[in-house]
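Labels for the chains are A, B and C, by order of writing; each one numbers its residues from 1.
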Amino acid sequence: MGKTLSTPDWLSHLRQDAWFAFEKQGLPTTRSEDWKYTSLSSLKEFDFRATDAPRYSWPDPVITQVKSALKERSMDGQHKEIRLVFIDGEYCAALSDTVLATPAQSGVKVLSLGQTLKDLPQGLQKPLETFHSQSEDGVKFLNTACFKDGAVLRVSPNQSVSSPIHFVFVRTADTAKSAYYRNLISVEKGAKAQVVETYLGLDSRASQQVTNSVTQVSLEESANLELIRIQLEAPSGCFLGDLRVNQEKNSEFTGHWVSLGASLARNETRVEFQGEGSTASLNGLYFGKEKQHTDSFVLIHHASPHCNSHQKYKGVLDGSALGVFSGKIEVALDAQKSNATQVNRNLLLSKQAQAYTRPQLQIHADDVKCSHGATVGQLDDQALFYLRSRGISKDDSRRLLTEAFAGEVLDQLKNDTLKAQIKIDFAARLGRVS
Amino acid sequence: MSTPNQAIKDIAAKDYQYGFVTDIEAETVAPGINEDIIRLISSKKNEPQFMLDWRLKAFQVWQKMKEPNWANVHYPKINYQDIIYYSAPKSMKPGEGPKNLDEIDPELRKMFDKLGISLNEQKRLSGIAVDAVVDSVSVATTFKSKLKEIGVIFCSFSEAVLEYPELIQKYLGSVVPVADNYFSALNSAAFTDGSFCFIPKGVKCPMELSTYFRINASGTGQFERTLIVAEEDSYVSYLEGCTAPRRDENQLHAAVVEIVALDRAQVKYATVQNWYPGDKDGKGGIYNFVTKRGRCKGVSSKISWTQVETGSAITWKYPSVMLEGDNSVGEFYSIALTNHFQQADTGTKMVHIGKNTKSTIISKGISAGRGQNTYRGLVAIQKSAEGARNYSQCDSLLLGDKCGAHTFPYLQVKNESAQVEHEASTSKISEDQIFYCKQRGISEEDAVSMIVNGFCKDVLKKLPMEFAVEAQKLLGVSLEGSVG
Amino acid sequence: MLSIHDLKAKVDGKNILKGLNLEIKAGEVHAIMGPNGAGKSTLSNVLAGRDVFESIEGKVTFQGKNLLDLEPEARAREGVFLAFQYPVEIPGVGNLYFLRAAVNSVRRSRGQSELDAMDFLTLAKQKMRDLQMDQKFQERSVNEGFSGGEKKRNEIFQMAMLEPKLCVLDETDSGLDIDALRVVADGVNRLRSSERSFLLITHYQRLLDYIVPDYVHVLADGKIVKSGGKELALELEKKGYQWVGQKETNG
């Protein structure tokens, strides 16, 4: 393997462009409408450009620690998972499966971006350039300028991948630098796959770390993808995620966003319907306690007629955490017969917890059915009383109801192994309910 | 079926009923704004020094501010030096104006008769007192003395500055500070008249109070201020109406309304806004950039805004309530209709500060033609607002495929005991509904207006009877030409 | 009263009605039966003037007028009433307010004076009692929150108030339990007169036990394939629609 990524000319230019753009614009501020409730001022002093020198191998204790974490988070069940592992921004070949198109897994390619740039670079330039040209702010420019590696998945037409594909991005205590990932997923005509991205902070005492991860998804006609992003960064971590989905005719996308870790986490999801008859279902669960700040930003652009989008995001906020939800549905002039729903519900568990929500509709077509709803509230007193009257302690009752509240979102997960894992994660993070 | 019916076309052509100009000799100052103009306005009104100082300070603040651009409205840049800031009928010359209602210039009286507003106290059917404002001055206030008997002060703002300076000094700018926003700062510097209303302790105002705003002169802007103070245990219901002539130019209307409600006071404020909306090609019309805010200062006080916005080329207004007193209540009921090229960016802010404060927001937006209709609202529950409740419902109805409906709510909750609920929907009138009505013998235009009125029912029923009928008719007229 | 000649209708490139002929005289009650997809609802939509068809050919004369030339509301004013299979909900528009607007627009077109609120209410209450309708119908919005059966009853109520000449009932029996069916049928029977005709469109014979037709027609594949008296309905019920189809192909 070469130095870091083998870098074609177009990529060097792109990175340079992006870096200039970042230097010019800097990080977004709360003056920007999209970042109104999330301030990155705590990162002002952070040296974004600094990433670790390439290392390819890690000391044994690190590998052992990662291995045990991988085992815990494995989705091996009926089908064995196909896994790529990244540590502190870099691809770890030793812990990864590499799947090239072989007869056994014909039509599926799962590779690191580094390998892809080296072996199968065709088709990479366009999505990377498109992302840059559509970048809204400094966080995205930084990613283009600095991404070191990432996962690449290509599913050939009419292939159904039965194994869950698992990308694991681990942070160790070893570093206080940034990790930048760029993942590219393309599901071709009529193909189907399930992908899980797990962002895992291994050391709870780690100093400030930033993970900046962009995933670009392209779904061709009648393609089907379920993508789950789980954020379990260390308590001091900062997670800046970005997911972009382009959907062609009759395709179906199901996205899940589960945010449990990090002191500051923001995930942006943008879905664009480029062909008729597509459906996107987005589910989200964000949890915060102590001084955690989580921000879920969603933009669904109905650019074509006859598409459906459904969003269901729930927030559970304890301690003095702040949960932000911004969801916008845009329906273009000729996107008739669009059907869009959006629900955001927030549960405040403590006096100091806060929730800000902005569910927005921007409609330019007339033959549409769009609705949204948002609530902020507490656990239902009557339900609480009912449980207690049956002899369940107050704390247990609160915990039970809170888990049920979150469960409504988590139950949408199709993979049972994963569902069970996340429920345990959530319960562990929730801890004792005040 | 979808060919526009000739009948609709005919009515559409005569759409805006109040577009006439009245030929009144006016005293007008040179266009533009500067300290001299402000001094001139102030001296014309014989204002005390505190008022002039306040204006000059506001002017300084305004000069440092930038015009906001966050609203979802688009218009060519306004040159604030092209606007005439003072224009008044000659007959209203300060010191020489009419001493009582009988002395009012017959032309002015005729103009108001034509608008359906009688300045003759004997002719008023129901108990409504009117303050009539033309361009920069109040020309008449009815039932002033009768209201005075029970302690209610209802008069023009200019008069209040002279007669009740201590009340003005106490409350002016106490709800909308000078520097609140660009247009409120401009208004604070240049306002020329408006209405003042004071309801003393324990008095339930027996009449509806109302202000009728008329822009008549060309090239002028209207900058008026309304201040309503409701003392402990008082009640008042206030109505506001507005119209302007049909002109190709855009005229600016930048008003400020402030309401103060003390302990257990209740203020209802209803607006039927029918400024000239511009023609069907989007030419002309009023820019309606208004700041309206109420402070529920007292415990268990209540401020309720109801608005029917059918006029103006551009509407930019967010009648708001600061819920400071414990158990205070804020309400906002709105119908906003945009047809042809009209744009509206309207909504409310409900800021919950006191304990157990409650707010309700019901907004109905209707877009037709190429109209763009935006609901923008903030519900903020501050840390101190234990047990606060909010319910918001924002529905949009689309008529035609070239219009837009947008909903931008902001919910900020900083107290865990709060219950905040927001619901919104966007839909169109379905073919099925129209066909059903037609099958029962009802014409398409009647069917549309019936369905639109049904859509708005929750808000219409909040208006005083007389206004509700007026508003219903207005909705019908404003929609003409949008079907088919 | 109504004369349909060689009626053809096309939707989404598909021919639904393929040359339908039907003659209804004043005072007659006709029933049209047929399997799903035969074109039953299409017929009622064509008669009422719904604008969803690619093309309509043929001739429909109603009291000497070419019905197909008229707007839906004009047909209603001429006296064509359609009781919808799925009555639509109109939120915020009061049920009686709506009906009074309809009644008065029909009366105006007939040169009759409009009913004032009091007269209208008296009449409406009388008819509502006849149909055993709850008082709550008065306050509610048009069809909003009504059960299926309530909606159907509301259709018959409107029919009674509008006094049409030709009543087209599209699957009015669907979704009605037996008690509700009796009430609805009573309502219809009360309206029968020598000047008023009925066209009952139904899938099941059940309705015809209560509203006894003068003629029964079988609609299959866009045409009337068999006509007869009321006994035809019973025969159909016994042998199923298959029977008609077979007979057609066999002979």
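Please note the rule applied: contacts are C-beta pairs under 8 Å (C-beta built on N, C-alpha and C of every residue); 3 or more make two chains touch, one makes a residue touch a chain.
Note that the structure is a prediction, hence the values are computed from the model and not measured.
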Q: Once you've mapped the touching chain pairs, tell me: line, ring, star, complete or other?
A: line
(Q) For the interfaces B-C and A-B, which has the higher count of C-beta pairs in contact? (A) A-B
Q: Please compute the C-alpha centroid of chain A, do the same for chain C, then give the distance between them in whole Å.
A: 56
Q) What is the distance in Å between the mean C-alpha positions of chain B and chain C? A) 49
(Q) I'd like to verify one number: the distance from the centre of chain A to the centre of chain B, where each centre is the average of its C-alpha atoms, in whole angstrom. (A) 46
Q) What does chain C use to touch chain B in their complex? A) 48-51, 71-73, 75-77, 81-82, 84, 87-88, 90-94, 98-99, 101-102, 105-106, 109, 141, 158, 162
Q: Give every residue of chain A touching chain B within the complex, in rising order.
A: 33, 333, 336, 346, 348-378
Q | Residues of chain B touching chain C in the complex | A | 1-2, 430-433, 435-444, 446, 450-451, 453-458
**Q.** chain B residues within the chain A interface of the complex
**A.** 70, 381, 396, 398-428
